[in-house]
Amino acid sequence: ASSDTSAPVAASLAAISAVAAPASPAASISAGPSSAQASAAPGSAAAVPAVTTQTPGTLLVGTVSDGKPNAYLENNQWKGFDLDLITAIAKDIGLKVEFRAIDFSALFPAVSSGRFDIGAASSAGTVERQKIVGFSKGYLIGYLGVLTKKTSGITNAASTAGKRIGLLQGSIQEAYAKRDFPKATVVEFPDSNSGVAALESGTIDGYFLDYVAGQPYTKQHTDLVEPISVPAFDLPAAFPIAKSNTGLIAAVNAAMVTEVKNGTYLRLYKQYFPGIPVPGQLPPYALPTS
Amino acid sequence: MSLIQETGMKATTNVPSSTSMPIDASGDPVNLERFDGGSLAVQEITMSFGPLKVLHGVSFEVAQGEVVCIIGPSGSGKSTALRCMNRLEQPTGGDILLDGESTLTMSADLLRQRVGMVFQQFNLFPHRTVLDNMTLPLRRVKKLSKEVAREWALAGLAQVGLSDKATYRPVQLSGGQQQRVAIARALAMRPEAMLFDEATSALDPELVKGVLSLMADLAQRGMTMAVVTHEMGFARRAAHRVVFMDQGQVVEDGPPDQIFDDPQSPRLKAFLAEVL
Amino acid sequence: MSLIQETGMKATTNVPSSTSMPIDASGDPVNLERFDGGSLAVQEITMSFGPLKVLHGVSFEVAQGEVVCIIGPSGSGKSTALRCMNRLEQPTGGDILLDGESTLTMSADLLRQRVGMVFQQFNLFPHRTVLDNMTLPLRRVKKLSKEVAREWALAGLAQVGLSDKATYRPVQLSGGQQQRVAIARALAMRPEAMLFDEATSALDPELVKGVLSLMADLAQRGMTMAVVTHEMGFARRAAHRVVFMDQGQVVEDGPPDQIFDDPQSPRLKAFLAEVL
Amino acid sequence: MNNFLETFFNWTYIKQVIPDLLATGLKNTIILAVSSSILGFVLAMVLAVMGLSARWYIRLPARIFTDVFRGLPAILTILVLGQGLAPLGMRMFGPSPYPLAILALALITAAYTGEILRAGIQSVEKGQLEGARALGMTRGSAMLLVVIPQGVRRVLPSLVNQFIAVIKDSSLVYFLGLVASEREIFRIGQDTAVTTANLSPLVAAGILYLLMTIPLTHLINFIDKRLREGRPHPVAEPLVVLDGEAAPDQPVLMPMERH
Amino acid sequence: MNNFLETFFNWTYIKQVIPDLLATGLKNTIILAVSSSILGFVLAMVLAVMGLSARWYIRLPARIFTDVFRGLPAILTILVLGQGLAPLGMRMFGPSPYPLAILALALITAAYTGEILRAGIQSVEKGQLEGARALGMTRGSAMLLVVIPQGVRRVLPSLVNQFIAVIKDSSLVYFLGLVASEREIFRIGQDTAVTTANLSPLVAAGILYLLMTIPLTHLINFIDKRLREGRPHPVAEPLVVLDGEAAPDQPVLMPMERH
């Protein structure tokens, strides 16, 4: 799997187009945003699959309202890295965005049934999920961290042995915990707040979450630190899109490249993940294949 | 002259059933008013509760305008027979005719509009005031307007001496008061025939006599009545005919003089020997 | 010789209250057994429901082993007075003495073990069989063992002729059957005094006479009884003394002969004039 | 302990979430809870009456409906209905998930409420129905005017339970996808809890629930008591005095001669 | 439509989740639901009896308890209790969240059940209590043996409602953090749904709920009916024949001379 993440951009582009858009050759990507833009308008070129959305001109984005710093509502404003990125991508394609928040467990079914055009909730494009729903290329890899009390004795991966480590149900941390903390007991939580509350009350020893997401907690709770960070490069976050909507998949992938090139991606990355090292490789990232 | 004229009261029964006009307060002579009473004929009815046969072919007749009292020991099936007569129980055999027509096949609602009933346990509606207990069926079944129903109801309550309890709930009434409301409520519907189950069990002698005179008056005006009672004095005075039941059967049937003064069967003789 | 001996029955009341031994089937002479009856004295009690005053200073006495019948028109406060006597209602004034001791200050549970009551509406427990209705208080209050309670209960049921209904639910009984169960249930507790509210209202003449004889027997054996009734024949036969109430007051009080044959007050005269 | 207070009762965060809770959440919660409760109650009454039928083929569908919608997790019902009927919903009501959520919540609460009502109606003595029918009332109006009102009164507290449960279940509308202005009380509490990394906003939501439910409970209890006991003191005066009427408690039924 | 079936009824995923549901989920759901229901019922009975007291200072604490635990979102109650008492819980029961979750669920269901029971008990006619007390039974045993059994019977269907609600609320134990072997039915369904991006596992969980709740409902209905009507046919023979007893329905009370 690690070979996927380290693969050059071009190679992963090829790999993804093979998975997500087998019907359309690489040409559809090289056609670039302009072509996608054209396809949104009537009379598009015949060779390029059309970008279809629920409501013409609007990209209906399913997201979560409690996924700080990737997707959240603050003062009735949608915020977060994923949301700003998808807004930029949509603009590129010529669409305006509309956000709808939904419980994470209902997000994929809503996307695969076409109720939402796309999902943006830092969801990993795992092999399992790829069976049901299509994905764009990966747009985010990052670091995971373990939040713990200063006094807990957890300082590195090895010291988690025999400890109770909490994490968010359905998150990529599940897979990483298995790999990196094999001797820890994994405790699942439905949201990070209840996990951190459990950490505070002493029923778990550490809470494994997105490194960035852990930072606000260390500020709120002065007794908490986040000593371990784990690179999570082989399960990049990707936008789920209905498998059948190959046009949109292609257009999003192309626009992603544009947004990386024009610097928007990095700007957003620094805005939402301050102080976090920028990965050596910028997106698009290849998704794992079985 | 009837009781109702004597006391200067307007009886509910004073209002022609064909009209929904308010009661005329000027006082039409009561005896001008006649009920279109219907005769009842109970023919060989049988009835069981599960394995327990409680009626073994019961037959008797109540002619139009006649008062028939049904007497007999506890558990002999008197209440059950009465309940069959307005289809609260379905007989397992036999037939019951109202004016020659089988009641077992007619609409139960229509039957019950024609044959009223007063229960041993009164069955007043505890969630409604006494007045509402009276007006509810008047408005729903007789389709009277609110005002007319209210007038009929108040007249009916006055007739049983309970005008001052109109706003009470049934639980706030004494036993006798409850029973009188139940009687007034059934009569206000102006049925052709009435079934009374222990209609005077909670009443003191004054009220018993009042009910007696009311029945006499009703009968004179054509109403057919079947009355289950265990007060022999009442049966003797009220009934045109007396039916004696025992163990789910009619043992004797005849005019009160004959039943009380010249009983034929040993069972009835024994029964009457106990009357205080 | 008492009725109970004549019929070869074991009366529930045959069992000494001080023992929890099974009923002795060999047949001790009934009249050897005496109740430790207590006298009751109602002294100037008053009672209101909200603004409605229903008792205006009611006084009467029931000596030990005496049967006092309370008669009077509907709503005159007979039931209320009776209910005050075992604290189901709290009088607003006056006092009630049991054997000279104020019942208003003693433990209500103890009072009610000593003073039993049969209700106008019976108040049987519908979720229990007839037998369980009998055994429940025997086991809980008298602390009898299951077997003994059952024997007492069956004996009590037999005494009112309902052995065959032991496994029935109250709703499956006729009105008279329910009333008999209620009487048997209260008597099985062997109280010192009994209060009956319309104790014979659902009973046919045979049963009424049975209750009468039962009361006579109980009285002979020392039990004190206050009986509300609207059956004048019953009052005349059963009572040692009759109390006539009207509008929340005792109007007359005396032996039955005097009350019925020589009434003093116009109100009682008018009342008795109506007896059929 | 201090930490516990800090996590659940931080006044700064509570203050912060209040405007949103009141302006957006309260309105949406009320819309969802009230409309699905009304729809659900009507349906429940139908279910209860069907469930009391003597005919099995009328009872059966009510039974199945109740068993299924009561037994399934609410989330699943909302998801299945929301997704299954989404195309239809889009066409009829547009993108708002409210109509379908209200429908789903109504079906769920109907299943519970139907059983509550059935129990209440069933507990009314047989004599009441008989009394009404013996007066010539149809089965329908006897049930409607005599039996059901008594039955419903007996289960009022359970109905309040159920309404409160719907208020809280309305937060499940989230499973159908919401725009910011469609969020109800709980969701706003939860979202703000995430942005502030603190559970106090959720506590604020809980308190708002209490401010809704407690007065309601007491209102219903008051009504219940009033219905049970009537006005504190019955009017002791006669309602009207008819011409020549006898004095109260002096029966006017007087003896007459034997006919 | 096809997509809909694919989303909710994909047999592959249903098959996949079944072993886990049965081996782990069912057991945990039953442990949580049954123990919190029992504890909750006992507490509810206390609340109901307190709520019916004539003395305000006995009614008041019951009222406050009910209002608070019924009005707050269950999640909040579980979080506050679970976290607030966690240090104590750790010491007494170790790291498992179950004891505290059961306590929280019991408090919540007690608040609801207390109201159900209160309504049922309140609906029993005054004459029943009077009848029992007139026989010398204490208020306690009259309530326990006469009034409460009748009251409880009248609200059996509402109690079933409440038990089913607890079965489902037991999934909220999740907010206290679960290791894999502690997950109950719904959580397993939801976990698998998230990993497979398909809702069929949730449907499987729902069906398992139905398999638990439907037989239970029918059992209770059967018992209810039996209690209401007695055995199908009463035994018509006398239970025992005492020496010299009269024939049935021939009263043995015979006249005697005037004393």
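Letters A, B, C, D and E mark the chains as written, and numbering starts fresh at 1 in each.
As a convention for this text, a contact is a pair of C-beta atoms (placed from the backbone, for glycine too) under 8 Å apart; a residue touches a chain by one contact, two chains touch by 3 or more.
Just so you know, these numbers come straight off a predicted model, no measurement behind them.
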With centres defined as the mean of Cα atoms, the chain at greatest distance from subunit D is chain C
Higher number of C-beta pairs in contact (B-D or A-E) found for B-D
Relative to subunit B, largest Cα-centroid distance belongs to chain A
In whole angstrom, the CA-centroid distance of subunit C from subunit D equals 47
Per the C-alpha means, the centres of subunit D and subunit E lie apart by a whole-Å value of 20
Rounded to the nearest Å, the gap between Cα centres of subunit A and subunit B is 82
Residue numbers in subunit E touching two or more further chains are 4, 7, 79, 83-84, 199, 202, 234, 236, 249, 251, 255
The positions of subunit C in contact with two or more other chains are 73-75, 121, 172, 180, 206-207, 209, 212, 237, 274
Listed in rising order, subunit A residues that touch 2 or more other chains are 105-106, 109, 113, 191, 194, 197, 200-201
Contacts from subunit D onto subunit E in the complex sit at residues 4, 7-8, 66-68, 70-76, 79-80, 83-84, 112, 115-116, 118-120, 122-123, 154-158, 160-162, 164-165, 168, 171, 186, 199, 202-203, 205-206, 209-210, 212-214, 217, 228
Per the touch rule above, subunit D residues touching subunit B in the complex are 127-128, 130-139, 141, 145-146, 149-150, 153, 227, 230, 234-246, 248-256, 258-259
Seen from subunit A, its contact residues with subunit E in the complex are 104-106, 108-109, 112-114, 126, 128-129, 131-133, 164, 166, 169-170, 185-191, 194-195, 197-198, 200-204, 240
Residue set of subunit E touching subunit A in the complex reads 3-4, 6-7, 79, 82-84, 86-87, 89-90, 95, 97, 174-180, 183, 187, 190-191, 193-199, 202
The residues of subunit C that touch subunit E in their complex are 2-3, 6-10, 25, 86, 88, 108-110, 112-113, 116-117, 119, 121-127, 129, 131, 136-137, 140-141, 154-155, 158-161, 163-169, 172, 180, 185-186, 189, 191, 206-207, 209-214, 216-217, 219-220, 237
